Each structure stands twice: as structure tokens, then as C-alpha cells.
Amino acid sequence: MMLSALIFLPILFAIVMAFWPQKNTVRHLAFGFSIIQFILSLGMLQRFDASSAALQMVEKSVWIQRFGISYFLGIDGISVMLVMLTTFLVPIIILGSWNSIDKQVKGFHSALFILQAAMLGSFLAMDAILFYVFWELSLVPMYFIVGIWGGTRRIYATLKFFIYTMAGSMLMLLAIIFLMRLTPEVTGGNISASILDFYKLNIPFIAGDFLTPQTLLFFAFAIAFAIKVPIFPLHTWLPDAHVEAPTPGSVVLAGVMLKMGTYGFLRWVIPLFPEAAEHFAWLFVLVGVIGIIYGALVAMVQPDVKKLVAYSSVSHMGYILIGLFVMNTYGVNGALYQMLNHGISTGALFLLIGMIYERTHSREISKYGGLAGVLPHFTIAFVIVTMSSIAVPMTNGFVGEFLILLGSYAFSPIVAAFAVTGVVLGAAYMLWMVKRVFFGPKGELITNAEHDHAHALHDLSAREFAVLIPLIIMIFWMGLFPNHFMDYSKASVDHLVKNKMDYSIPMSTNTAQTGER
Amino acid sequence: MNQQALIAILLLSPVVGFFLNGLRFRSKNYILAGTIATLAVVISFVCSVLLFLDLVGMPPEARRITANFFEWIAVDKFKVNAGFVVDQISSIMILIITGVGALIHLFSIGYMHHDKGVTKYFAYLNLFIFNMLILVLGDSLLTMFVGWEGVGLCSYLLIGFWFNDSAKAAAGMKAFITNRVGDAAFIIGMFILFMTFGTLNIHELNALAPTALEASWLGAVTLGTLMLFIGATGKSAQIPLYVWLPDAMAGPTPVSALIHAATMVTAGVYMIVRLNPLFISAPNTMMVVAIIGAATAVLAATIGLTQHDIKKVLAYSTVSQLGYMFLAVGVGAFGAGMFHLMTHAFFKALMFLGSGSVIHAMHEEQDIRKMGGLRKYLPITHATFFLGWLAIIGIPPFAGFFSKDEILWKAYSSSAGHILLWAAGVIGAALTAFYMTRLMALTFWGKSRVDKNVHPHESPISMTIPLIILGILSVIGGWVGIPHVISQYLGEVPNFWEHWLAPVIRILPLAPAEHGADHEALEWTLMSVSVGVAAISAISAYIMYTKKEGSADRVAKAFGPVYQLVNKKYLVDEAYFKGLINPLIRGSKNLWYYVDVNIIDKATYKVTDIVRGGGSFVKSLQTGNMQQYAMYIGVGVVVALSFVLMR
Amino acid sequence: MPETNIITTIGPEHYLVLSALLFSIGMAGVLLRRNLIVLLMSIELMLNAVNISFITFSHYSGKVEGQIMVFFVMTIAAAEAAVGLALAVSIFKRFKEVNIRFFEHLKG
Amino acid sequence: MNISMADILLISPMIALFLFSLIPLTIKVLRGNVEQSPTATIVEALIGLFLTAGLLIVFGGSGKTAFNGQLVFDGLTQWMGLIAVVSAGFSMILMYENPATRGKQFSELIFLAMNSILGMLILVSAVDLITIFIGLELMSLSLYLMIAMSHEQKISKEAAIKYFVLGSFASAIFLYGVSFVFGSAGTINILDLMENASTLIKTSKVFLFGVSFISLGFCFKVSIAPFHAWTPDVYQGAPTPVTSFMATAVKTVSFAAFLRVLAMKPLIGSDNLFLVLQWFAVLTMTIGNVAALVQTNLKRTIAYSSISHSGYILVGLITAGISQNSVFAASSVVFYLLAYSLMTFGAFAIVSLIEKNENSVVQTDDLAGFAKNQPMLALCLTIFLLSLAGIPPALGFFGKFYLFSAAVSEGLLWLALWGVLNSAIGVYYYLRPIVVMYMREGDCDISDDRRFGTTVAIVTAALLIVVLGIGSGPLFEMIERSLM
Amino acid sequence: MTADVFLFWFLAFMTIVSGLGVVLMANPIYSALSLAMTMISVAAIFVTLQAYFLAGVQIIVYAGAVMVLFVMVLMLFDLKHELQAFTRGRATGAIKIATVGILSGLVVGAVTIGLTIGGKNQAEVASATKAAGIVDTTRGLSEALFLKNVFGFEALGVLLLVIAVGTVALSRSKGGTHARD
């Protein structure tokens, strides 16, 4: 029941939130709920057996018998940390958006909880249709979050976001249907949408022929996830969505939603279509490398801080993609770790940008300058997060990036040689931005604020400290003791990497372990 | 006390200092901040000394103290511990770092007392010490890399310490990014080594290093070490990545002394020395290292001739001296490299602090053309600076003489050496002597050109004590490694240095041709040539800048465009901007504008337009005329029937 | 079967071709005439063509159901005519016009 | 040949419906041509519908035939009939509260509506081509009159005449086909035809043409391109409740009859006819979606969307037509129609609520601010639109899923592919009203009149969409079992 | 050439010509008269096909009732002349005519080459025609109508009632003539 509770509690919260009578306590309530959710997920983590690659805490019951669709939840090393990331970020987001969301507060928090439920659902669902349902469902609240609470071009951005993602996932739906049609071969006559049955499928693959089922299915899935990740050249929705989204929206988007794409690759694409994945790995590694360099270069010349960070996401996600598709234990472990890192550090960056935006109502880099003298605490936090983002050792970013690069070197030194340029470019665009925003003489905005007492700039408030400190602690904790986090996933990743061609998640049938009663 | 605990205290003491100061970074109480920070480093220094003594007490082959705190990253075969090792090489380094570091901290109390961010400053300094210790103590390349990047970060923070000045902030950024270029190569180097040897542990790597020389350029060891060396060129400011160091002088002067002269910039040399068995196996890399080192030594020295900023001169001097060190390690003289590293740490730290003292006295004036005759205002500073000057230009028996002489001798005599390398070294020495004398002359000697509003005064005692200590070290620092040719006349003073390092350093055999009997004579000859050249050069500079005013300008005019070119640092920065950075930014803008906006988005819009166009077309078919609709029905029927009939 | 002269031997084909031609004429009327009433008449023509076809088949297959269908079709045709004309009247009241060219407000 | 009591019982839903349709009219006559209260009328009508639905449930699904095999009462009859009755009942609630239909002649309108439903019940149960035709005509003729009776002043008449002329034209084509089938096969009973359709279609061109004409006639009724052109105009011009009536109930039963015809598998022998229909399906999906994209009128947008949905459903019909076991595909069609009816009803119902008077035209942009003033209804509309767009877990998603599953399992992958691509296009225009409602400032609100019934119907439909969506498995199995 | 052959050709000619008259006459009254003529011809064709009852119904219902309706409505409108009897537009006109032409060609082709009647092919049909003889149509018709097709018959009754109520309601409908209030 643990996993169901994780998914459905937020929905319950959302409903309660929607009908909560008092306007001024909505935020407190939401924060309390999200903390409950986080504690629940900690309980889940405590029961999780890190030494096993098996699916744990499995819940399976028939949903749509006719199609073999089941309500099938499970968690293993690949998803456990992503679940934790989701539950960890939501309270922070709520706290971080305390002041910035000032209209339709109830609606916002309801949407946020539904989004959380959908995201957790996509990480926990082990049934293709169930996964698809959560996957699509997650679009809706995000669509509203961007569209209602977003910036001036929010409608354009939110439509672009929705339609891009939707267009990709439609193909995936078709591929799922096709796969379900194949399952009777392995289940003894019954159609099934369970991932365990999918894994047993032996889908024909011929290397030279593009029109083999496995290749087509592979691309149908891969494109859906690629748009979500997003990988070059399908990334253009991301900067728009990020720039227009309100701070919490950006945080969720960067922190968790993009991970749904990479998670999809790891959970569905690579194990399901191993030959095709291997055969086309070069393609994805190539776009990953292009993404890294391209994202970094374009980020460098952005005039808008948020857009800069958005493009940096493209760059970072390029790393993750490479890590996944080099398909060795370093790369995959690194990628999985980098997903968490990116969630934390980019999430923190967006929160910080949100805080400064609340103060100055501008994100134009050229209007800033000299902020460090005015907001020292803020600056320190920002620089720490920047260091995490550019993967300075002892911060979390380094561990993931290093492992990915190591994996890519094992795959091909040339790939590593190109990917490593991201290390330099990453530092270049982030530090240049930091320099222009925080250092140098005081910029237009700062001097204006100094003359205008109504808009005087205040350093971080206690609430904002409370938002940032957990993130900063995580940055160092994950950087110094990566094993505390990676140990949860190693068994699963090893299992995946070693059984590339013949992958099936074992399912722990030991009920004591699943903790069902 | 247990040695592991000692290492822990050694490492953690600056961290504690960092937090104590960092958490109250807005405090202006410089005494408190300085005391905390200095004490932290002093504690580390004490630990270092204790550890050193422990090492001394061990048998030479077993001089190795390790401390494994926890497993840092462990994925499959890739296992890296937060492990630290104190051995012959790193023990010297920690002594230098904590010792010189403590002095510089002390100096900073006086130097920074008027600064608003003094507490933050000391926090950064402590953080730097911590990272530097990790760098030198790390038992694996990756652990070393942690410190490697960490010191880069601190350097970034300290260079840009006065962030309100855009140029200073830019200098910090430049330092970091340039270092990152090297770091990227360093990472690749680590991969190559890990893939070849299956470990990044330095001890294991050294043990696994092939004894046979690797001739191929594309051999794993050669490539790996080359990549590491590129990393070193970044950190240690060698061609082509030296450009950040002169700009790094934007930071407070003690920082320049600590980071950009004594400790951090020598990390590259230290790294190569640590990995000497590996580098020795790759003669091609060694050759590259030596050539780059020699070239840097000369190039930076020429630029040093023409600079007017006291710190810039010292900065180029540092680059040049680092070139010497690389020359040393490049020709296989690892001991000499380390030796010069140490002596350089003493006298260059001294000179930077001295310059700090001067700047402090001159109210932040750094242009040597506006100084002169400061000897009478700043006697202690002058005296200590004078010792440093003697050391750097290589006058026996000052520290620099021994180390530089050792390098030049090895450059000539080692099997990896070459007469051209030696010649470059000598030219470098001559140039060094010239510009350092010029610096002395323009600053301390001759007539005063000081602005009337400025009243120079000697620095407080907290600043002069470190100067004095370093001055003494600059004199005696070289005596631990007196070469055999000289020491045989001094009553066989043992060469402590070589004995100490011998177990951890593989020595290249001397070139076979040099095994003759004239070995000693040759060494004497070369030694006198270099000293003589340096002395002549120094004297001519002295005359030029104190006795014959204006002659310098005439010389400059005589060289015309060459002078301009050198004065403008060979336009390397400009070339980097023109050739690399600006095109990159322009290209990125185009990439954004053309690829993102105009190709990808446009393509998306095109699809939308096509769909919308289809919509408009359908809309235009929907005329509202019902006979038109009936016609569609008729056409539909006809088409369907025709098609059905044609089966 | 002996060679038959298509002019002298009248078979079901003749009636069916006649029906087809009448149907086409009616269709042409629907497509081409602008007067609403004439349009309705053309539809009646089409229904008559259908009736011929039904009767023909009924006759040649000896099945009486064909005639039942014609009966039904006639009734419905009458009903359609009634509804059509009622609509025409109400439209005429509204637009004072029965030329369908004037009913093109709904489009796009 | 005698009519037995069993026959009467089987058609008891129709009888009940007819009798109840007379009540308001009779009362009006008895009161000397004075309208009784519309509330009474609608209550009587709804009671009649309830009774009909009840009788349909009791007698509808027995699988028996009545009246010499002219009518059959099987699962398809029952399900399609129920969908039609329910959605028509919902639409009648709209009629009760919409300014364009309420008023002086409400009892006549309800009479027509109920007899239209009677026609629908005939249509879903008929297995005899001529009975199908009678049902079709009864349904359509009532509908033409209902549209024309609108209080709206300008365009409803035009809509009625367009619908009428084109409908009659299509009827003639349909009838021509019936005559060909009758002539060539000697029977017009679908159950009889099933036996030798596959041989006849190869030997007889006339039979082939007959089947084609009949199929194309149905294509008109269910607005398959290129026979769709009337749909947007009529849907826009008709009073909104009638539009809702047409778009849901009428379309459902037309598809039911179409399904019966195609289920006799005439396509198996003729690959080309089957191919033509596939192309029509593709054309329909595309035209519906791309044209909806450029519309500004909300009703017209939904009309085009309904065209595209016809295309999706046609995919299911084709699947049912070619597969050996058509039950799966047929169930998916029934399920989709159920989903489609609820969603489309909901969308039109919201439009109906927003209409201030009988002449008001609702543009998509007019929705601005609706979410602020009517959060509940805005949420419902959002559910309807997202369901139409096929976002899980709404009913519409599962409809598409079952439909495309069926298509994929019969190897019609390219149709399914085209379908999903079109869904992606569709998302854009389904999101636009949501964008306007939630993200633009405005003061859109429902009119002040009492709109209780409509609201209840809307909320019910929205709840059904969500609940049935999540619980779609058992529902689908139920449908499939009853169609066996 | 026997009498019935001549009769067929004559009636066919009459039907087609008067049918064309409906479509081609510019004046709607002439169209109406042509339609009446067509219906009478069709009735005669029914007679040649031995459907005497339906021939009578055709005359009464069509030529009688329906035509009267048409003419009455035409007179009600009092349309003296029509400005544009036919649609304009060359392209669409050509397409429309081509459509009609091809359709008739297709159907004619189908009935002449691929005809089966009652599930039998043409050869069988030709022989069957002679064997069938004359059915007692009126009796057979009534049995078929009142026993076999009684449901359809009743449904038609309902239909007619609906039409009656509907048309009356429509004619009384205020909508479209003036505003409700």
C-alpha cells in the first residue's frame, strides 16, 4: 500500500486543497501536506532493500482485464531516488513560491499536488498503460501552472510544451498497443501490458533494415522520451516553457519532469529494445554530445537568466543521455546520479532566480550587476549552486558528470573528448552570468532599487533560507557521500547493464519484503 | 597521537577556520578573523611538522603514512576513497603550504585590516589551504583533482575578491575558465590512465607504470600524461594557458603570494613529480614538458622586462620560474623541480609580500614608474626584498642559486636534456636578473618619483615578521640541496634533498656521453656561465635604471615595434579573444539565432503553418453553398465507385 | 442463349438504364438548379428513378417486396416533399427568396 | 407471419416512447392550444425516456428478432439505444433551458424530439434495409423540423434547409443502393445478406454498387469526408441543444446502423471498397482536425472536432468490417461512441449555458474569464475538452485506446498511426478554449436564467467521463459480452 | 417490334425528356409541369412492369398530392421570373456535369455487365422472367404490406403524424420572422 499511498495521497491533498475554506492558511496546509508526503517517502526508503535489483513493494491488481492492463506498481533502484527527489522538491517548491504565487492559490497547490501524483505515478507504474496514463496526466497540471501563473508569453509557451510532448507520446501509445499485441507469445495467450511481460518479448531486429519492428518501436518510444528530456533538436519548447513558467513550475519542470524522459529511456527503451538501443546508441550519444555543446554555447549568449539556465538544462540533459546510451555501468550510474543532481542544482537555480525576480522584476542579465554587494547571502547561495551546476568537486554535480564522462570514455574516447568540452563551456556560461549579475559595478536595477525605498532589495528572508539550506545541504551531501545515494540504485543498474540483451526485472515475491501487510 | 588523526586535524583545521569565519562573514573584526584563520593554519603547520618528524623517524623505504577516511565513489571497478597519503613529496608540500600559508595569513592581518570583507577574506584563505592540502595529500588522481578544482575555485573567489571592479571579477572568471580547459584535459588523462591501469591510485599507478619507455605518441601512457600535463599548464600557468596568471594579480597581494606564487601554481609541477615513474615512461611527454617549460621561462621573462605594474612583473616572473620547474621535471630532474618549487615558494612569496608591503605603503599604487627611492621609507621591506632579489637572480649562496643551477645542469646533462634547453634556461636567467634588478631599481633605488600626496611608511609588525622569516628562508632554503660539486669543498655537506626524495623518484640515467672525467669541470663551467650572465645582466640593468636615466627609454625606442609587442604581452590575450572567444560568442549567437530560432523553431512553425494552411484550405472549400456540398458528395460517390470498379 | 437485339428485346437492363439516367438527371438538377423548389423537384426525380429500379427488380425477380418498398418510398417522398415545402415556406418568409444562393451565411 | 405478444414486448420501448411523446401535445390540444408549463413537458418527456430506457434494458438485449426478422434486439441495439436515449435525454434538458428552444412551441419540439428518438430506436434495431431507411427518415425529418423551429432568427432556417436538401439527396443515393442490393441479392435483410454477400460482391457489380451506395449514404449521415460538408454549417446553425442532440444521439445511431451494414462483411470480398473507406477515414480525420484549427466559433470548432471523431470511429467500423471476429472492434466502436457522446454533449451544453439569448453566438475568445466566474463549469469543460483530446485517464483516451488497439490488431497500423498523429493536431484546438477560459482576463459568465438542469447534466457527464474512464475495463467487457 | 417494346421506348423517351424538362426549364412552373409529366410516364412504366397498384398510387400520390403541393407553393411565392436559374462558375459547373455523367456511366456499366437479380446471374434471369409469370400483385402486395411489413407500415404512420404536427408547428413558428420580444 506504500506506493499507492504515495501516489494517491497527493490527489487527496489536491481535493482537500480545492475545497479548503480558508484562503490564508492554504499555503500552510499545502506545506504540511507535502511534508507528510516526504515523510511517507522516507518511510518507503527505509523499507527499500538496496541490495536487491528486484521490484519491491509490488502492488498488482487487475485494472482492465480484457487488455491485461493491471494496476501494477513497483519500485526498484532505478526509480527509488527519483521518487525521493520528487517528494523532496515539492515542499521546497511550496515554500519557495510562498509569495510569488498570489492569485488562485488553492488552484495552484491543487495542480501541484496532482502533478506530484502524476510524476510519482510515472516513476512507479510498471504497467505500460498505467505509465502512459500518468505520463500524460502530468502534462495537464503543468500546462495550467505555466498557463495561468506564468509570464507574458505563457500561453504560447504552455501550448508549445503541451503539443510537443503530446505529439511525441502519441507515437508511444501506438507502440505500446503494438507491444501489447505481441505479448500473448510470452504469456501463453493472454494479452498483457505489464513491463515484466514486455521484457520477455523477443522483438525481431535486423541491423541493416530500418523497418524492422524493433527499430520502429524503439524510435516510437525514444522520440516520446527524447522530446521530454529534451534532446537536441527537439528542445526548443524547453527554453520557452522555462522562461514563461512561474518559479515553482520551472523547478518542477527542470527538477522532475525532464527526468521522466530519461527515466523512460532507462526503464522502457533500453531494456525493451536492447538490440536497437545498442545499434542506435551512437545516434543518441551523438545528439547527446551535440546537446551538451550546443546547449552550452547557446546558453552563453542568452540575455535572460532563466533562459540561460534553461539552455544549461539542455546541456546537462545531454550528459545524462550520453550516460544512458553508452550503456556501461559507469555511464548509467552516472546518468542516474546526474538526474538527481540536475534536479537539485537546477531546481535551486530556478528558485534563486525566482527570488531575485520577486525583488527586481527583471531577468535581464544586462540590467544587473554588483548584486553581491547588496545581497551577500543570496550571492553565496547562488555561487554555491553555480558550483554544483558546473560540477566542481565536492558538490553533487561532479560525481555524476565524472562518471558519465568515464562511461563515455569507455564507450569511445572521441565522445569523451567532445563531451568534456561541456566542462569548460559550462563554467564559461555560468561564471560569465554570475560575473555579470553579481559582480562588477552596480547595475541599473540595483541603483534604481537603492533610490526607491519601496523597492529596496532585502537579503534572504528566513523562509528563503529554509528553502535553500536543504538544497545546499543536499548539494554537499551528495557530493561528499555519493554512496549514500548511489547504493540504492547500484544493484538495479548492474542488473540492467549486465543483462542488456536479456533483461527482466526480477520481482520480489517475498511479501515481508514488499511490506504489504 | 595517531597519524590518521593528525592528518584529519591537518585537513580539518582550516575547514573549521573557514566555517568560523565564513558564517560571520560580514564581521569587520579583522583581529578576530585573522587570529582564527592564522591559528587554523598554524595548527595545520604543527600537524605537518609532526607528520614530517614521523616520516623522518621511519626507514627510508617505508616513509608513507596513509589515511583512508571513507569510500567516496565506488561504481563497479571504479573505486576512489577519500584517502590521503603523506610521503616524502607531500610532506614537503604540506610544510610549504602550511608554513608559508601561516606567514601569509599573518601578513594579511595587517594588510587587510581596513577592508570591509576581511572576515570573508580569511574564510576564503582557509578554504584555499584546505583544498591545497587535499590536492597534495590525495592518494589518487581523483582526490588530487578535487583539491585541484577546489584551489581553482578559491583562486576564483580571491581574485575576484573586490568584485565591484568589473575587471577584477573578470580576472577571476578568466582564471577559472582557463583552468577549466586544463581540467578538462586532466579528466581525460585520468580516464586514459584508468582505462589502461584500472586504477587512479597514485601509488598503484606508479607501481604499474611500465619500466620500458613508450615510444609511440599515441601510447596510453604518453597520451594520458600529456593530458595531465595540459591540466598542469592550466593550473601552473604554462604556455598556452598562462594568460590567466598575470590577470590574477587583481586579487589582494597576499593572495598572489600564497596562491599565485607559492602554492597553487606549483600544483602542476607537484603532480608531475608525484607521477614521475609514469612520466618517465613517456619520453615524448617529457620532451613536451621540457620544451614548454623552457619556452615559457623565456617568453614570460621577456614580457616581464616591459611591465610597469609591480605585481605584473612578479607575476610574469612567476610564470617564468614555473617554466623552469617544468623544464626541470621535463628533463627528468624531479628532485630539482621540487627543490626549485620550494625555494621559489620562499623567495617569490617574500617578494609578493614585499610588493604588498610597498603597495600598502603607497596607498594602493602599483605602477613602479611612480615609485623609486623607497629604500629609506621601507627599510625592512627593502632589506627582505633585497634578499629575495638575490635569491631569484641566482646569486650563490642564496636559495635560488642552488635550485636553478641544479635545473640548468640537469637540462644540459640529463639524457632527456639538450643544450638548447640549457641555453633557454640561461637566457631566462639573464632576463630574470635584468627585470628583477629593474624592479628593484625602479622601486627602491634611485630618485623618488612618488606622488606628493603619498607618504610612504613602513608596514606594521604583523607584516614585517613574515617578511623577515621568508627573507631568512630565501637565504638558507637552498642549503638543504647543495650539489655534490660544491659540497665536496664544504666538507661533504650531505645533499639532504636528494636523499630524502630518492626512494620516490626514478632517476633518468645521465646521457652516456657525459660520463667522462670532465664531468665536474663542465658542471663548474656551466655554473659560472649562468651566474656570470645573470650578474652582468643585473649590473647592466642597475646602471640603466639608476645611473643613466632615460637610457631605458632609448633602448625601448630602439627596439620599437618589438618593444611594443612585448609590452603588450605579445598580444596573446588579444589573439585569444580575436581567434577564439569572440568567434565562439559570435558563433553561439548565430547558433542561437539561426539554428534554434530560425531552423528548429521555424521548422515547427512551418509544420504549424502547413497544418493551418490545410485548415484554411478546407475552410475555403466550405463555401456555404449547398450545391457545392452536394457536388462534394457527388464527387465522393463517383470517386468511390470508380475505385471500387477498378479492382 | 441466343443473340439478342438490344432494341427489340427489352430486358431489365433497359429499365435499369432508364432509371440510372433519370437518377442522373435528378442529381444534375440538385447540383445545378438554384431555385429551392426545383431542387426539391429534382430530388423527387431521383426518388422516382429509385422506384423504377425497385419495380424492375421486383418484376424480374418475382419478389413482391420490391413493390412494398416502392410504396414506402413514395410515402416518405411525399413526407419529404411536405417537410421540404414547409421549410421552403418558412425560409421564404424569412429571406423573401428561394434562390439558394442567398443562403450562404453559414460557411468557413 | 402473425404478430405475437413477444414482438410487441420487444418493441415496447418504442411504443412507450411514442405514447409519452403524445402526452404534452395532447394536453396542449385539450387545453385549447395553450402551452402547459415547459417544466411539466420536460418532466413527462423525461419520464417517458426513463421508461424507454428501462424497457430497453429489460427487453433490448435478448438477441431476439421481431416482425419477421425486420428488427433485432441484441446487445448492439441495447447499448446504442441506451446511449442515444441518454444523450438525447441530456440534450432535451438543454432544450428546456436554452432560449432558442424554450418557449411557445416547446411541446411540439419535445414531440418531435421524442419521435426522432423513436426513429433512432428503429434504426438501431432494424436489420432490414428498408426499415433502416424508415428509421433514418423518421429521425431525420423530425430533426429538420426541430432545427427549423428554432427561435433563432437567421441561420437556423438556413441550417435546416441545407440539412434537408443534402439529407434528402443522400437518402436518394442510399435508396438507390438499397434497390440495387434488393435487385441483385433478392433480399434486403442484412442477416440474410450476410450469408452470400462475400460471393455476390465478387460476381455482381450491381450488388457491389448497391453496397457502396448504402455505405456512402451512411457516410453522409455520420459526416465522413467528403460527405461531411453539411456538418459544420448545420451544427453551427441549429440551436445548441439540437446540435447536441444531433452530434450525440443521431450520430451514435447512424453509426450503429452503419456498423450493422458493415458487419455483414461486404468489404471482405472487395478490397477496394475497403480501401476507399480507409482513405475516407484518413481524409475525415485530417479535414476535421485541420479545419477545426482555424475556427473561431466555438460551436463550429466542436462541429469539426466531431467530424474528426467520425473519422476515428470509421477506423473502428472498418476494423469490424474486415476482422474475423468483429465483436472486439464493434465493442470498441460502441465504447467510443459512448465516450464521444458524453464529451460532445458536455461541450455543447457549456455553449448552451453561455448563450444569453436565442441569437447569441459564442466565439472561442468569448470564454475569457469563464474560469473565474464559474470554476466548476470551467473544470467540467476542461474535462470534456481534454477527454476529446484523448488525455488519460478520461474516457476519451480509453475510447481511442480500444479503437486503435482493435485497428492495430487487425493490421490497420497506418490508420491508427494517422489517427494518433491527428490527435496530436487536435490537442491544439482543444486546448484553446481552456487557454482562453483560464488564462485570459474576461467576464464570460452563464446567463442569469435558471440553468439548474443543464448544470446537473454537465456535472453528471463530467463525472461519468472521469469515473467511467478509470473504470473503463469492466464497462468495455460488459459491452463486449453483450455483443457476443 | 412488338407493342410493348415500342411502348417501352416511347415511355422511356417521355420520361427522359420530361425529366430533362424539370431540370432545364428556367421557369419553375414549367419544371413542375414537366415533373408531373415524368411522374405520369413513370406510372406508365410501372404498368408495363405489371405493377398496376403502384402505378395507381404513383398517379394519386405523386401526380396528385405532391404536385399540387409544389404548384401551390410556387404560386404562393409568386415567382414571376428567375434571374439565375443555374449555378454559375465554369469549373464547378464542369465538375458537376462531369460527376453526373461519370456516375450515370458507371451505373449503366454496372447494370449492363454485372447484373444479378435475386442472386442469379443474367442468363438465369432471362429464363426466369418467362417462368415467373404474373403474380397476383394486389393480393400479394397487401399480404406483404400488412403482415410481413406491418412494422414499417406502422412506423410510416408515425412518420406521417410527425410530419403533420411538425409542419404545422413550423408554419406557426414565430422564429425567423420577427424577434421574440
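Letters are used for the chains, namely A, B, C, D and E, taken in the order the chains are written, and counting of residues starts over at 1 for each.
Going forward, contacts are C-beta pairs under 8 Å (C-beta built on N, C-alpha and C of every residue); 3 or more make two chains touch, one makes a residue touch a chain.
Note that the coordinates shown come from a computational prediction; the quantities given were computed from them, not determined experimentally.
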Chain labels contacting chain B and also chain E: C, D
Selected pair, greater C-beta contact count between A-D and B-C: A-D
Most distant chain from chain C by Cα centroid: B
Most centrally placed chain, judged by C-alpha centres: A
From chain E, the most remote chain by mean C-alpha position: B
Geometric centre distance via CA averages, chain D-chain B, whole Å: 79
Chain centre separation in whole Å, for chain B relative to chain A (CA means): 38
Distance between chain centroids, defined by C-alpha means - chain C, chain E (Å): 4
Centre-of-Cα separation between chain C and chain A, whole angstrom: 66
Junction residues of chain E - those touching two or more other chains: 87, 96, 99-100, 103, 106-107, 109-111, 115, 117-118, 148-149, 152, 156, 159, 163, 166-167, 170, 173, 176
In chain A, residues with contacts to at least two other chains: none
Multi-chain contact residues (two or more partners), chain B: 619, 622, 624-628, 630-631, 634-635, 637, 641, 645
Contacting chain pairs - touch in the sense defined above: A-B, A-D, B-C, B-D, B-E, C-D, C-E, D-E
Residues of chain C that touch chain E when the two form their complex: 1, 7-18, 20-29, 31-35, 37-38, 40-42, 44-45, 48, 51-52, 55-65, 67-68, 70-72, 74-79, 81-83, 85-90, 92-94, 98-99, 101
Touch list for chain D against partner chain E, complex: 1-3, 11, 18, 25, 66-68, 70-71, 100, 103-105, 108-109, 111-112, 115, 118, 122, 128, 130-131, 134-135, 137-138, 141-142, 145, 148-154, 156-157, 183-186, 196, 200, 203-209, 358
Touch list for chain D against partner chain B, complex: 161-162, 165-166, 169-170, 173, 205, 208-209, 212-213, 216, 219-220, 225-227, 229-230, 232-233, 270-273, 275-276, 280, 286-287, 290-295, 425
Chain C-touching residues of chain D, taken from the complex the two chains share: 130, 133-134, 137, 141, 144-145, 148, 153-155, 157-162, 164-165, 168-169, 171-172, 175-176, 178-180, 182-184, 186-188, 232-234, 236-237, 295, 300
Residue ranges of chain B touching chain D (in the complex, touch as defined): 611-612, 614-616, 618-619, 621-622, 624, 626, 628-630, 632-633, 635-637, 639-641, 643-647
